[in-house]
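Chain IDs A, B, C, D, E and F follow the sequence of writing; residue 1 opens each chain.
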Amino acid sequence: MRADGREKNDDLRSTVIEPDYVKHPEGSVLISVGDTKVICSASVEERVPSFMRGQGKGWITAEYAMLPRATEQRNIRESSKGKVSGRTMEIQRLIGRALRSVIDLESFGERTLWVDCDVIQADGGTRTAAITGAFVASTMAFSKLEREGKLSTFPVTDYLAAVSVGIDEKGETFLDLCFEEDSAAAVDVNVVMTRSGQFVEIQGTGEEATFSRQQLDEMLRLAEEGIRKLIAIQKTVLESTISALPRSEEEVNET
Amino acid sequence: MRADGREKNDDLRSTVIEPDYVKHPEGSVLISVGDTKVICSASVEERVPSFMRGQGKGWITAEYAMLPRATEQRNIRESSKGKVSGRTMEIQRLIGRALRSVIDLESFGERTLWVDCDVIQADGGTRTAAITGAFVASTMAFSKLEREGKLSTFPVTDYLAAVSVGIDEKGETFLDLCFEEDSAAAVDVNVVMTRSGQFVEIQGTGEEATFSRQQLDEMLRLAEEGIRKLIAIQKTVLESTISALPRSEEEVNET
Amino acid sequence: MRADGREKNDDLRSTVIEPDYVKHPEGSVLISVGDTKVICSASVEERVPSFMRGQGKGWITAEYAMLPRATEQRNIRESSKGKVSGRTMEIQRLIGRALRSVIDLESFGERTLWVDCDVIQADGGTRTAAITGAFVASTMAFSKLEREGKLSTFPVTDYLAAVSVGIDEKGETFLDLCFEEDSAAAVDVNVVMTRSGQFVEIQGTGEEATFSRQQLDEMLRLAEEGIRKLIAIQKTVLESTISALPRSEEEVNET
Amino acid sequence: MRADGREKNDDLRSTVIEPDYVKHPEGSVLISVGDTKVICSASVEERVPSFMRGQGKGWITAEYAMLPRATEQRNIRESSKGKVSGRTMEIQRLIGRALRSVIDLESFGERTLWVDCDVIQADGGTRTAAITGAFVASTMAFSKLEREGKLSTFPVTDYLAAVSVGIDEKGETFLDLCFEEDSAAAVDVNVVMTRSGQFVEIQGTGEEATFSRQQLDEMLRLAEEGIRKLIAIQKTVLESTISALPRSEEEVNET
Amino acid sequence: MRADGREKNDDLRSTVIEPDYVKHPEGSVLISVGDTKVICSASVEERVPSFMRGQGKGWITAEYAMLPRATEQRNIRESSKGKVSGRTMEIQRLIGRALRSVIDLESFGERTLWVDCDVIQADGGTRTAAITGAFVASTMAFSKLEREGKLSTFPVTDYLAAVSVGIDEKGETFLDLCFEEDSAAAVDVNVVMTRSGQFVEIQGTGEEATFSRQQLDEMLRLAEEGIRKLIAIQKTVLESTISALPRSEEEVNET
Amino acid sequence: MRADGREKNDDLRSTVIEPDYVKHPEGSVLISVGDTKVICSASVEERVPSFMRGQGKGWITAEYAMLPRATEQRNIRESSKGKVSGRTMEIQRLIGRALRSVIDLESFGERTLWVDCDVIQADGGTRTAAITGAFVASTMAFSKLEREGKLSTFPVTDYLAAVSVGIDEKGETFLDLCFEEDSAAAVDVNVVMTRSGQFVEIQGTGEEATFSRQQLDEMLRLAEEGIRKLIAIQKTVLESTISALPRSEEEVNET
């Protein structure tokens, strides 16, 4: 049995996406993946940063933070420290890149989509939960823009979700590591994929360890399976909430 | 009728305090005052800052922040700006002072109580809601310490809550201003009181306006009434959650 | 007898306001309240901050600082620390708000009044001395603008001064606390009032203590008395220095 | 033909590692990969950061920077900006992790190995060149410690090198992208491997693009080939310079 | 006639040194050189910075700042900017070095002398006025230590003063430049000397100009003359204020 | 014999200036003065800072840094510390002023010349080596502009080089101090001169020491001699590299 009671190596934790969790943002969700809880909100600003002006296209930028006591030990606030840590920067760059791979910047005008992922409770996998939730919040925000008649094409071109996979000290592979598993893992891989089965990002890291090609293949298989399930959950939430929906290329072709 | 639908000038907004909202902190609540929602968490650290060491007493420090999109317009994160604003500093100093007035620093040893107030949705009165919620979270944290046998005396000596009162442009006084009322107010007074009816803090400000002694008296009357109701709510929550309870001086004397 | 030799609880310290203390600013004074000495200078800049542009009105902003050795113990410079403390921010926000309550922003065009309060020697009550002095320096600056024909209406609408009151450990109330009294005080209230007897700001704080309604009333009575005396001193200085003078509403009505 | 004149997709650029490039560090090289030039220096400090003290083991930390005019356009110095960019942080974290995977922290005592990678000329692939060079500089530094009799076991357990692979807009895969190729690439993957063929890190990113499983496989094949050649170059340099050499697991087993 | 009404090129401005200008520091003066006014205070701290500990000797460190409106145009506070300018750093390093050349660090124990030079009004030559004033304040502080029996030898070994000299656009040399002269000068030289006629520091700068050896000689002659007069003023102030006095080497030898 | 093996007090260290050391900048050199090595690069930006706009003239700004391990002990990066040290600021201000004294800002249009001096190995005299090298790199950059037909007059009006001189503890004077000599020196003077024998800058400092007029004269004589040799080296490099050359005033007059 796994550290948090799951039975199988390829079990995903219970994942719930609660839409409209806060009232002001154009789109927002609370995503819970096991005990990991992240508020994702998507805000539309009616202008782009100066380096993008005059190109007739939009921009997406993501920010990530944790409440100080989201974790077992309280962390010092980054605002008090006066600077954002390397880990935070890495994560917010990752979330931004991931969203940009399935959102067409050309199709929502000179607007910025600000995506804020605030972890209120952490139990491993906060960055992948943030991506999975941020995708839903962003799609909701674009759906609002579309209902207001501000878009000619729906900018979201495919579903997108993320999950972690890892290898423990005995060399076994696992899907969706909780904090206890993550702390003990020899190798940790974060995978971001679309519904059409394309990779968007692979970040595999052996901290004081290495991994073979065969282990990589097994981890990617687990990740693909997990992401398929996560996208099914996203789809259910979005279908009951909004009208415009991202469609994978195949679906578009079928039409 | 008031901006958010309340009927009377002395109506308090619907206030709910949900205990144990996040799992890691020693004490935590989600306080909702109308549409204002604040996660208050109280963390116990087993040491004091260096300037307090060796005195055998504890310390309390509070931090306050807003999620970027807690408000109608998205705010830039203070961690991104690299510094904490004057408004934030003012509020966290206020919360800390208020708590220290009813918590005996001598009675919980060389420990620091970190109180984090994170506004996830804002609709006016976030600093007073933060104080009211932080009091409950802190009391829960001390109750946990007591259950663990780490305290000889219960450090919380009285109930404590806070509310805002104000004067609108026509000179009328109001209790518990929502954001729309607050924006239009000529005078804004934040009051922090104990259950025994003592003042802990009065911060009255006329931004580009002034107020008479008579208006001050009327505002203080409204505030006292509001705080009595808030403390009743705190009491209900705490009585059902914890064993050790703060008692006002009178109660102590009655015993 | 009081700590600094005053005889009565309602004795104000000897207060001197020396006009034109430094030569460059449009208005400047050295205010001495007992051993507390503050250089207040008011500078007129011919533009407003960007968020105010195009509204045809002015802005007032205040800054407060202490020389490192204004105090018994040398303080580290805030420029060396690279950031302004919470205390400093609180004080400069207070001074700015106070001045804005008696200066009509609409009547001096798109200009910024920078008010700098630099404490060169501290003995308690620096923030209230700063307000009392800053009012005189600001009025002098506007008087200069008026003499230069740059104003249609005189923007200063009433006199303004500030004083501290407090309660000592035995529960006695005092006017205008010197540093030694302030350090020992259980409760500290700063009051800002106009000549017409209106409150502009009340900041009452019990650090690890509380106060009753009756004590508040007694402190406000002392404050009102002290402020009346301070405004008399301001009036004498301004009448001998400048032509345009603020007049309280009553005076305006009498005319 | 490729942008910089190479003929084949799997051609590595001409790579030269010049040992002892600067005189003060315990180990240093200038690595040139085509027109990309990085000074890598490894400094031994006789203590560890405070969070590592008392554990009897060492620490490795890496820093990365570019001279302002290493690039076509001059960049503002990070020291002038007062903060390190997200990109820089990501790279220095990557270099540190990579080195730690083949250097046994337990075997060099409470010392810190500081690895500085300063790009003096950039033409794509600076982070992978930095890792390949940093490995040599670090090994030289440990060899110096060993000659001084300060080590019981040689801490470097395997060779380590890194290379980039990518996919262009037509879907073709390439090894070791120069700046022009990198700017045009749809997908960019950085791979860090050991001589024993184990992965240490895979960072694959589709900026506004995605990639299939088959494309990933092809890129990993190219990377493996490139890294084998880079390790051959490292080996030649180290064999002629130092006595103690890292040996892959197989070699150890053969003995 | 010169810009500020002086008649001759070698006229020093009227210089007044007012001792004990502020009450808290161990030594303090207000030095006025024409319209340039600087508060110099010397504070004794009973410890040295960590890099000096355990050597049995003292340290001297100087800080320099201007009030925002010391100048014709208001300057932004360095505390608000969050960093100290290059000009400020250069000046405070200069003041510290100058004082250390005539104060024996070995003879006042493990103490730090903090010298704060705060310009309250600027009209050229603020850095040289600061040095001349700081010398007096520092000597007063050491005299206080001596009266308290804390010193075995008096640490001040010689008098020290500073003055500026310059060349205008026509090639004429001038002593003690006021702001208007300084702004127009082609060459600006700051000279720090002792009473025994030794140089401590020469900083000669041609901003977009150069100067010949002959011009340098003429400027150094003027500077020497000016410094002799300044030291006479320092001597008068110190003789009437303190008991222990610095003596030049010759005087020591005469004894 | 001197610390680094030189025989005479007026021996200059072996000095080599290698042009075009890095490929991107408009002008670049690696200057080696003994073991001191500095990469100097000159970058032309097609605009001036905002405070210079619209005046039809150019600007020159210099930056100086050391690689962390350019020195015997590793230094913390200024980018990691988040601020530039006083020493660095002093040096970059000095380099900029020196260059501006022989480069006519009026003659290269609204452009900025960025001069970057990065010390890759330090053995004393880094700031003077930086000036001597920066002059060559800047002249190369302007020569490139001229070849591109962007200049009507060649902006460099004279040669410029810098050297250090000093006095050791026995009172002997030395030219071009290496690190070991510099550490032991009682007095250190940096001199910047033109080929026509004019002074541009003299910075003479006695750290905890003083120097006589006679010693100053001897040091200036040594410096003049050293600078003549350095300019001869610059001339050889530039004559073989570029077409347009700075000419001293005499040469211009001879024509």
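In this text, a residue touches a chain if its C-beta (ideal position, glycine included) is under 8 Å from a C-beta of that chain, and two chains touch if they have at least 3 such contacts.
This is a predicted model, so every value here is computed, not measured.
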Each chain counted as touching chain B and chain D at once:
A
Distance in touch steps, counted as few as possible, from chain A out to chain F:
2
What shortest step count links chain D and chain F in the network of chain contacts?
1
Let me check something: if the centre of a chain is the mean of its CA atoms, which chain is farthest from chain E?
A
Furthest chain, CA centroid comparison against chain D:
C
Inter-chain centre distance, chain D versus chain E - centres from mean C-alpha coordinates, in Å
52
Where the CA atoms of chain A average out and where those of chain B average out, how many Å apart are those spots?
34
Using CA atom averages as chain centres, what separation in Å is found between chain B and chain C?
29
Per-residue multi-chain contacts in chain C, two or more chains:
82-83
So if I start at chain C and go to chain E next, what's the full loop of chains?
C, E, F, D, A, B
Please output the residues of chain A touching chain B within their complex, sorted ascending.
22-25, 28, 35, 37, 39, 41, 43, 45, 63, 65, 67-72, 74, 77-84, 88, 114, 116, 118, 120-121
Taking the touch rule as given, give the residues of chain B at its contact with chain C in the complex, in rising order.
83, 85-87, 89-90, 92-93, 97, 100-101, 105, 189, 194, 196-213, 216, 220
